[in-house]
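Okay, handing you the structure first.
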Amino acid sequence: MRVSVQSDDFDLAAELRGFGRATNTGATVTFTGLVRDDTGQLDHMEIEHYPGMCETAIAKIAEDACARWSLTDCLVIHRYGALKVGEQIMMVATAGRHRVEAFEAAEFLMDYLKSRAPFWKKEVSKDGKSTDWVRAKNSDEDALKRW
Amino acid sequence: MRVSVQSDDFDLAAELRGFGRATNTGATVTFTGLVRDDTGQLDHMEIEHYPGMCETAIAKIAEDACARWSLTDCLVIHRYGALKVGEQIMMVATAGRHRVEAFEAAEFLMDYLKSRAPFWKKEVSKDGKSTDWVRAKNSDEDALKRW
Amino acid sequence: MITVVYFAWVRERIGVPREEIDTKAATVMDLVSELTARDPRYALAFSDLDSLRVALDQELSYFDAPLAGVGEVAFFPPMTGG
Amino acid sequence: MITVVYFAWVRERIGVPREEIDTKAATVMDLVSELTARDPRYALAFSDLDSLRVALDQELSYFDAPLAGVGEVAFFPPMTGG
């Protein structure tokens, strides 16, 4: 298991080298979140984080996932700082015996990171005039109920 | 969208370079299936395929996924031939606006590839004496009902 | 003449991956009956149709489907891709 | 003395990311009331507690939780990670 909270970009390829390569791994799943621009107006996203609590909260979520799905490997990387449109925000990777375990664990990680990892996103428009904090959705909190 | 049926191994990293990199992509999901050995007795797996029908069937499944979840990108690679323990069997990658779309599309692809793509797996033990065709599970067919 | 192809244990039981069959069978089921009567290898391969699948010209089909216009029939066990 | 930290729009409204507060507040709610009475900036930040979360020593907690033994209190909006 590995958890990293960092401002630097990551290379999915490099991060996955050797990931989950145990003989009892049958499936690996990765998720990558990117800065999306729906309107053509977005310049970048500022991701604020709570140093210390981020690492602790993510490690706890990842440990829960490892135990619950008997994962053979688990990785979470989350960035902070100013991220341009198209940049990678974060990734998770899970390795397990079967596909269902790897998929479920990755979705569990994402649902919990969304609502329980102390990050906040602010969208900054190209003209610099509009700055909006991304609001948490009720559906994000509801998503936790399935686990 | 890209579909490949091949005997050669693939490099997840290389395959993902530039994958889904549109400004309206917010999430990418990958799945990789590996030859797993639960008992310590497995030497390799032989994957037989139906040339021609494989490509057509996978392309149809991928097109369905692209349309249904408005994917911004979609990739399926499936290997055939003799694959040792730990080797990569296949991968799918999906890119969409939100995480739910990317996850659902990847699971849909996996469920359909499992039961509708003409591949058959035979397990060959280390002593060469035991050769078993992997049986389809009822649960695999049932998995299609959720879509 | 119709091309018939076999995969996995169906292929192993019949002993060849592909053959040309001179037949007037109207449906897949007729073809199965004709082959079963021909040799015990086919009888063994076709003994449990519930565990078999059929494709006509590389598309999944059914045992009661007509063979008119079909160039290639494939018999195989349930697929195990992924 | 207790360290109080703010994030996102809570930080923006209060104007500082962190401060040391000399307080005898027994619970988080007491601390909120004390700050709210002190300056309109706090009143604005704490006007809708339903849209706020609190962490004590970097663990999510509740507004009625006691502050005894706590070194760091954090106020922030619902998190938007991932």
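In order of appearance the chains are A, B, C and D, and numbering begins at 1 in each one.
Assume a contact is a pair of C-beta atoms (placed from the backbone, for glycine too) under 8 Å apart; a residue touches a chain by one contact, two chains touch by 3 or more.
To keep track of the chains, here are their UniProt names: A, B = Molybdopterin synthase catalytic subunit; C, D = Molybdopterin synthase subunit MoaD.
All values reported here derive from a predicted model rather than from experimental measurement.
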Common touching chains of chain D and chain C: none
Distance from the mean Cα position of chain D to that of chain B, given in whole angstrom: 48
Chain A and chain B: spacing of chain centres that average the CA atoms, whole Å: 23
Chain centre separation (chain A, chain D; CA means) in Å: 26
Junction residues of chain A - those touching two or more other chains: 33, 99, 110
For chain D, residues contacting two or more additional chains: 82
Touch relationships between chains, expressed as pairs: A-B, A-D, B-C
Interfacial residue positions of chain B with respect to chain C in the complex: 33, 48, 50, 52-53, 56-57, 78, 89-90, 110, 113-122, 133-136, 140-141
Interfacial residue positions of chain D with respect to chain A in the complex: 5, 7-9, 11, 55, 58-60, 74, 76-82
Chain A residues within the chain B interface of the complex: 11-14, 16-17, 20-21, 23-38, 40, 85-86, 97, 99, 102-103, 106-107, 110
